[in-house]
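Alright, structures below, take your time with them.
Each of the next two complexes has chain A plus one other chain: chain B in the first, chain C in the second.
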Partner chain A sequence: MMRRMTAVAANTFREAVRDRVLYNLVFFVLLLVASAPLLGQISIGVQRVLLINLSLSAISIFGTIISIFLGISLVSKEIERRTLYPVLARPAGRGEFIVGKYVGLAGTLLVNTSAMTLGFYAALLLMMGGLGRADGNILIAVYFILLQFLVLIGLALLFSSFSSPLLSALFALSMFVAGWFTADLRGFAESNHGLQGWLAFASSYLIPNLASLNVITRVAHDQPIPAALVGYNTVYALSYAAATLSGAALIFSRRNLK
Partner chain B sequence: MTRKSTIAASFVLIVCMIASWIVLPRAEAIFPTNSMEDVLFISSPEFVKRASLGYSGLLADIYWMRVVQYFGRKHQRDSLQYKALAPLLDIATTLDPHLTVAYEWGSTFLDQPPPGGAGDDAAAVALMQKGIKNNPDNWHLYMTLGFIQYLGQHDYEAAARTFAEGSETPHANPALKVMAAKMLTDAGSLETARFMWQSLYDQSTDKDLKRNAELHLACLVVDQEIPKLQALVDEFQKRFGRTPSSWNEFIRLGALRGVPLDPLGEPYVLQSDGRVVVADFKKLPFIHEGKPS
Partner chain C sequence: MAAVEILGLEKTYSVGFFRKQKKVGLKSLNLEVREREVFGFLGPNGAGKTTTLKLLMGLTSPTAGSARILGKNWRDPAARARIGFLPEQPYFYDYLTPKELLDYYGTLSGVTAADRRMRIPKLLERVGLADKADMQLRKFSKGMLQRIGIAQAVLHEPEIVFLDEPMSGLDPLARREVREFILDLHREGKTIFFSTHILADAEALCDRVAVLSRGELRGVGVVAELMTSAQKKVEIVWQGTAGIAAMNALGASCHPAGDLVRATVSHDRLDEALDILKRAQLPLVSVTPLGGSLEEYFLQKVQDPVEAHA
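Up next, the complex of A and B:
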């Protein structure tokens, strides 16, 4: 089973790496990172903060775009090109196919994010003339961004397992936006009773909490990130991603592909 | 597409683009719109924060950049009104409550009297109080607030309280305690002012803040030197019954060793009416003495 999933994942990774759009996005992020020192020059006293905020936000935004738009096309493209059928004709289950696709895209994003992070550290090194201990803290923010991608890929796959690419993109993007307001939803649930309150409460747990995965501004100001948060966020993001992935596998295994 | 039609299409493209560039300013001049500088597209800081979808740090930097550009443009034109300055700073510091540079510099922009700044002490104090609320352990913010209360509002008791509170924060600069004491004993003197700016100069790590303190120190030197030079000129007028024509007359009399220079190295100007002024007031914006009439 592992071999079959690895084969699908490796194929997905290869396919993504061959995609020119991906390179353009990574190049654009690196261009943004390179422009940060110039932007800092037209401001006062925020050169380092701006470099960190701009670079990590760019990594997060472009990674999110890649997660959602490549995520929704993982399954639909295979169906459209009819390349899914020979894969499923072999002894590879639909669940294995979904997990393989997920791992492949997650690997692609890991490589992309690593490349963008290296570019960012190079810019930081050039600007500051050296790296301090506080700069290592930034890696925690990058790790949380990666966790965010894992959640979003899972959601994109879940929606694409039963819906058209356009609707899947719409759903995934909506979840991404709503993911920043889960605390508000919980507040809304507390101030409302009955069905309305209950629905808001349930939604606040169904929607991914992306706010807790964002520590960009904190690391930009060298504020320490508690180890407990790293642990909780890891467990939360992996559990959420696993849940969405299981949902996607369940739905896709029952989908009529004729 | 044939070669001929390619050339024709390229020609039309270039000519039409140039024509549109020529016509557009004329069309815009018919119904001129207001400058966008004072326009706040979204005035609610909380809404901007929510709409930033977690990228509030980046947006705060962008707003801070807008503050600097806005202030710089207005400052360059010697503007008397800085309507959007306080709201822009409020948005930037709501988006990133730990952006201490926005509190420190923003309050300076707000506090300086026009045309150097907005001349809004109350807004400067409110911004600093917000900064202290969000960063209670940052003694630099207490120091800046104390300075505004001391120099802008001349509220020496409030300044003393602020300096004293700041001195209680972790790793606080010991000078804050001295500042608090000076506010209660000798706040109005030039000596205290010199001590305050020298302390700020010594403690600042930001090169721009350091330069600002240096400029204030230079202005204090001018405030001390001008009355002395003016006294010399008045004495001359009393003795000879006329206005001295130049500093050379004082040099010949042995009252001066050379042409007196301001801290920037420019000679002080002796006007025909006998007033001593600085050569370039814009380079010494904080002086109280020697402003050209």
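Up next, the complex of A and C:
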């Protein structure tokens, strides 16, 4: 079973690489190079904050786009092109296929994010003339961004297991946007009663809490990240991803292919 | 033991905006494919051939019924490991090379790395793609894709190979190659189940065939027997131009040529036709049975909507 999932994951990774998905790295480098003259005109302290904010936001945005748009096409493209037929006619289970696809895209994003992070550190080193201890904290923000990708790929796969690519993209993007306001939703739920309050309460737990995975501003200002938050976010994101992935596998295993 | 047993397999689709309307894709199908035979699954477009294959491959769920493959439930992974499948008009990952594609499918089928390393070059050689082993599939022609499709279907050395319209859309040369490949597989002792609407291919390759029309099984049997059971005609040739009117009355079509008349009459009116010639004292030149063809059988089964099914 592991061997089959690994094969599907490796094939997904290979597809992303050969379809030039990683070309976004070039844009990232261009962004850093283009922003250098701008950053050179401001004071040293602000330079660092700006570079961290700009780079980590770019890593997050590029990765989010890949997670959602590649995530929804992982299964739908295979169904549409019927490349799935010879795969599913084999002993490979549909659940194995879904998990393999998930791991493949997660691996692609890991490589992509790692390369961007290396580029960012190189830019930071050039700008500051060296790296301090506080710069290591930035890796926690990158780790949280990766956790965010794991959640988003799971959601994209879940939606694409039962709806069209267009609707899946719409649903996943809506969840992504709403994910930044779960705290507000909880506040709304507490101040409202009845059906309205209950719906807001349920939604605040169904929608991923992406705001808690964003510590970019905190690391840019050298604020410490508590270990408990790292633990909480890890458990939360992995559980959320596992739940969406299980849902996707369950729905896909019952789906009739046209 | 039967290679494939289809037991009342049925598929009904819900269509329309509210999915209230029902469309029958396959009516209760019962069929048995014997081990080591080439079995042709014939039918016009939309007859339900691909639906049947999709049901057998687990790509879609039946509304009712089940199947057994080599004695096991058709959904059992152990049964799936022993079959190969070529879908209709196959499309493969075009960013892969044939070598990579076969390696991927081989892994999914549980073929060990050592066996994959050994089998893939041999198989590529066998389907005539050895020199294209490292070329991306996006540069392949339809015929080449069909060959790689057959290669992936047999890479794990399955006992049964299911081929959905393997010759469809191919040029005569490519069709011939595919036909020879199927015969090779048959000689190796594999069971071949292939769907087609090209009757010449079925006639040349199959031991037995089944005819499907509008989702319903219309007939099944040994090709040679079906051909003889098809409505046959007899050609009678005699000397002299008399007797034509009487022959026409029997439903014969008469073609006088010089001193001879050539008439085609249905087999069951042969005695009456010969009586006419005897009474008129016309010299009989020849009586030649016109052999039935699979095409005749096929058309007879497909065009008759109320016939009791053989």
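Worth a mention:
Keep this in mind: the second predicted complex is superposed on the first by the 239 of 258 C-alpha atoms of A that agree within 3 Å, B and C clash if a C-alpha of one lies under 4 Å from a C-alpha of the other, contacts with A are read in each partner's own complex, and residues count from 1 in each chain.
To be clear about the criterion, a residue touches a chain if its C-beta (ideal position, glycine included) is under 8 Å from a C-beta of that chain, and two chains touch if they have at least 3 such contacts.
Quick caveat: nothing in here was measured; it's all calculated off a predicted structure.
After superposition onto chain A, the modelled positions of chain B and chain C are compatible, with room for both. When both complexes are overlaid on chain A, the residue A:18 reaches chain C alone and has no touch with chain B. When the two structures are aligned on the shared chain, A:90 is found in touch with chain C, with no touch to chain B. Within the superposed three-chain model, A:216 lies in touch with chain B and out of touch with chain C [touch as defined at top]. Vectors from the Cα centre of chain A to those of chain B and chain C enclose 150° in the overlay, to the nearest 10. Once chain A of one complex is fitted onto chain A of the other, the partner contacts of A:39 are limited to chain B, with no touch recorded for chain C. Contacts of A:135 after superposition on the shared chain: neither chain B nor chain C is touched.
Between chain B and chain C in the chain A overlay, the least Cα distance found is 27 Å.
The residues of chain A lying in touch with chain C in their complex are 3-4, 7-8, 11, 14-15, 18-19, 81-83, 85-93, 254, 256-257.
The touching residues of chain B, when paired with chain A in their complex, are 50, 53-58, 60-61, 64-65, 68-69, 96, 98-99, 101, 104-105, 206, 208. Only residues 39, 42-46, 49-50, 52-54, 57, 60-61, 176-177, 180-181, 184, 210-211, 214, 216-217, 220-221, 223 of chain A touch chain B when the two sit together in their complex.
Chain C makes touch with chain A in their complex at residues 54, 57-61, 77-78, 80-81, 83, 85-87, 89-93, 95-96, 100, 104-105, 107-110, 149, 152-153, 156, 162.
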